[in-house]
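First subunit A sits with subunit B, and in the next complex the same chain sits with subunit C.
Let's look at the complex of A and B:
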């Protein structure tokens, strides 16, 4: 059962904008009038100045490059292995019954638990983040690939075969269009969790990257800059997720 | 003979699944014993043998208890907040339309970036883990509850009202029974969120919980005990997930 998006309407929009404004006003008042400790909550105006400063100096570039490289490596690994393994598992009902519960079972474990093992094995550098991100995002991709190719209507396959479709034609014109929407959903989810787990493992144990920088600022008690950096990272994550959702919608239409 | 075997295997894919798991363990055992530096990886046989030693390490049972306690409290708080907010937002169409986008937005944020703020606010003890677990678990529950209320057939509400049911009677006899499946689905998603949040916070910084011991075993290059401890945690996570999953299956059967 999933949440259906509903039309928001002008009144709803007003509530949303009002909510954000009230939040900002409370934040401002809390720091400027009610004397909340600056170490816990920095002033929104100084955060804004710090954010502009971060963007102007471009000091985020090395960290951003590290994080994006790790993300690209982890995601391409999980995408390749997830779709290929998922496709071959989905070929017979028997392999689905053998492997699908296995993957689903492992997927239900919080894989972040294995981070200490990955750090021990791959070191503190990018390799452990790539490995963890690839592992975590592998499961939604492989499960959706199995579900996508596994649930193609048998009648369609039989009909295409009866009309003399070759293997390539069967794949390109029957299997792929039928399975793609499900697979794309899994790939988008895999991308989101890969991004999350990479930023997360950078926060927990690393030498470089966006998550690492936030922790460094936190440990230096440089609160305004840390908040600015958090805003920056959240914006980057939202941007990347937005791009992937857009590509997913495009891919669905193509199929 | 081979026919009988084949028939047995085709009727019990679980046996093959088990064989796959055993094969992986054997490969791991051989690799860890003969090919990889024992500083970094431990063979499964030694991990199993070390479980007793891990349990006897002073502080480990207490740490597991603390982590379980954090998980339980975080899950209880998430459920209470999720249920009340979900019902309050879901039952009112205007509130649903205006507030849900805000909740979905918050749910989509990479919360790991604000983990350092939680530590500053709540300290390095259990409260910060519980708080981080709650923020990871609540939103999933809210969204599931709202989806459940949203999918309530309007005709049921209208007919109950036309037969003169009071507000409470509608809640008790129409809304609650129809929400049970989505409530338990939300609990399942909430449980994986809570596990993720609490374990992330534990791994980030910890003085008594399991995070303390994973760090210690990693830094002293003791992979055998590290694997053992993580195996214990994985069992704990699987058990908790399984409890809510069973509850979900059991209580949504009446549909």
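Let's look at the complex of A and C:
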């Protein structure tokens, strides 16, 4: 059984916010007092103005749409293949012993190194980002699915069978609730790495997307606007991760 | 006893794990035959690893024996028979993500009891084991003894003729065991169930059983059957009676040799390789 995470309380929350405020203050002092070159580090206030401008004009929309579409496609693929393949691998001890170390081994290498290969195969457009994001996020999902379904208490399965549980009953009322907390952790991890690898690969080789736009601004030496976009992407990423964590918590309760 | 009265007929059952020559090879059970009468409570007792749990699993259709056969209600056992047989395991057989009443209902769902009967049957069986007030608790919120009561309620709600209990009180402390044993005796005296009960405890066996089947050391088989001629429900005073003590001592003498054998065998096996 899962225990609810303990809350940090008002004091802990104050420390967290204070830490961020100190960082912001250091940024401000570095540019306004200590004379750090504005081409290297823009002033936070000008970044703020640029951010408001980006939001007002809505010019981010085409790039955001590209990035989110890539993310949705990549995540749907890895979610489908990861959970289905993971489930079937988990059905026998033999397939677990064969495939679990194999997947874990591949997961441990930096798959982003294959980006040039993905670009050769799928082009500079969204397809190569989708393929890379799906590949990278497949592994945490498949591994957690194998672990979740593979470690269900045998006594519970035997008890259910002895009471006449059908295959559907066994899956719905025993295997799924036992495995879901583990699988949801892997799914959240998969979502995070999908987002990271898609934005990352957009900065390396692409024609559109938020990562691509940030690199363009950097190449144009438009530092305040580039920083505004970084803040925007960080906010989007935090929002998406928040939504996924919320859904994960809901899913645990449902099981 | 004619074989027609038998609720369970065990004929020449042997079981081994692994193949001869394997490192893991174990002959658990050797040529065991036994008839268990309708409404009888039979205890299986014996040294560790003598195959009493294996026999229980064979009766329940959870294991196919290497040789021999078991008939339940006149039908040969080929797999689980949820309409005829309910199991109670040593521990942790309740679904931890479901409340007690949900656990009971799930058992009925698996067995195929019509939904309309779930509520009354769940209520009745939880009341029978004294857990009505804890219906909406999760297993983790209950003591070990209460969890086993809940497991018993789940089994009772299935209304099978046969109950197979695999050391159901094995993980509990002595006092809890005693109380649960007394309650079980009262509860079961009201039903006509046939019960096979595996235990390590001599006292538990004498207190609960109509007959006690004593197993020999591995490969186990029934060495002797002791009758306990005492009406149900058994009273707490029975434990202090001379009859109880005499039966317990008889069991102890029978078991003692077998346990010695088991211990010296495992010691020599370790010494030899």
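By our rule, the second predicted complex is superposed on the first by the 237 of 255 C-alpha atoms of A that agree within 3 Å, B and C clash if a C-alpha of one lies under 4 Å from a C-alpha of the other, contacts with A are read in each partner's own complex, and residues count from 1 in each chain.
To be clear about the criterion, a contact is a pair of C-beta atoms (placed from the backbone, for glycine too) under 8 Å apart; a residue touches a chain by one contact, two chains touch by 3 or more.
As the structure is a prediction and not an experimental result, all values here were calculated from the model.
When both complexes are overlaid on chain A, the residue A:119 reaches subunit B alone and has no touch with subunit C. Looking at the shared chain after the overlay, A:245 reaches neither subunit B nor subunit C. Set side by side, subunit B and subunit C differ in how many residues of subunit A they touch, and the one touching more is B. By the touch criterion stated above, A:98 is placed in contact with subunit B alone, subunit C being left untouched.
Contacts of A:69 after superposition on the shared chain: neither subunit B nor subunit C is touched. In the superposition on chain A, A:204 makes contact with subunit B only, not with subunit C. Legend: residue contacts after superposition of the two complexes on their common chain; A:46 is shown touching neither subunit B nor subunit C. Across the two superposed structures, the residue set of subunit A contacted by subunit B and also by subunit C is 1. The touching residues of subunit A, counted against subunit C in their complex, run 1, 153, 155-156, 158-166, 169, 173-174, 177-178, 255.
Residues of subunit C touching subunit A in their complex: 60-62, 80, 82-83, 85-87, 89, 92-93, 95-98, 106-107, 109-112, 138, 140, 154, 158. By the touch criterion stated above, subunit A contacts subunit B in their complex at residues 1-4, 6-9, 11-16, 19, 39-40, 94, 97-99, 101-102, 105, 108-110, 112-117, 119-121, 195-196, 199-200, 203-205, 211, 214-215, 218-219, 226, 230, 233-234, 237-238, 241.
Residues of subunit B that touch subunit A in their complex: 10, 13-14, 16-17, 20-21, 40-41, 93-94, 96-102, 104, 108-110, 112-117, 119-121, 143-144, 146-148, 150-151, 181-182, 185, 192, 195-196, 199-200, 203-204, 214-215, 217-218, 221, 223, 226-227, 230, 233-234, 237-238, 241, 245.
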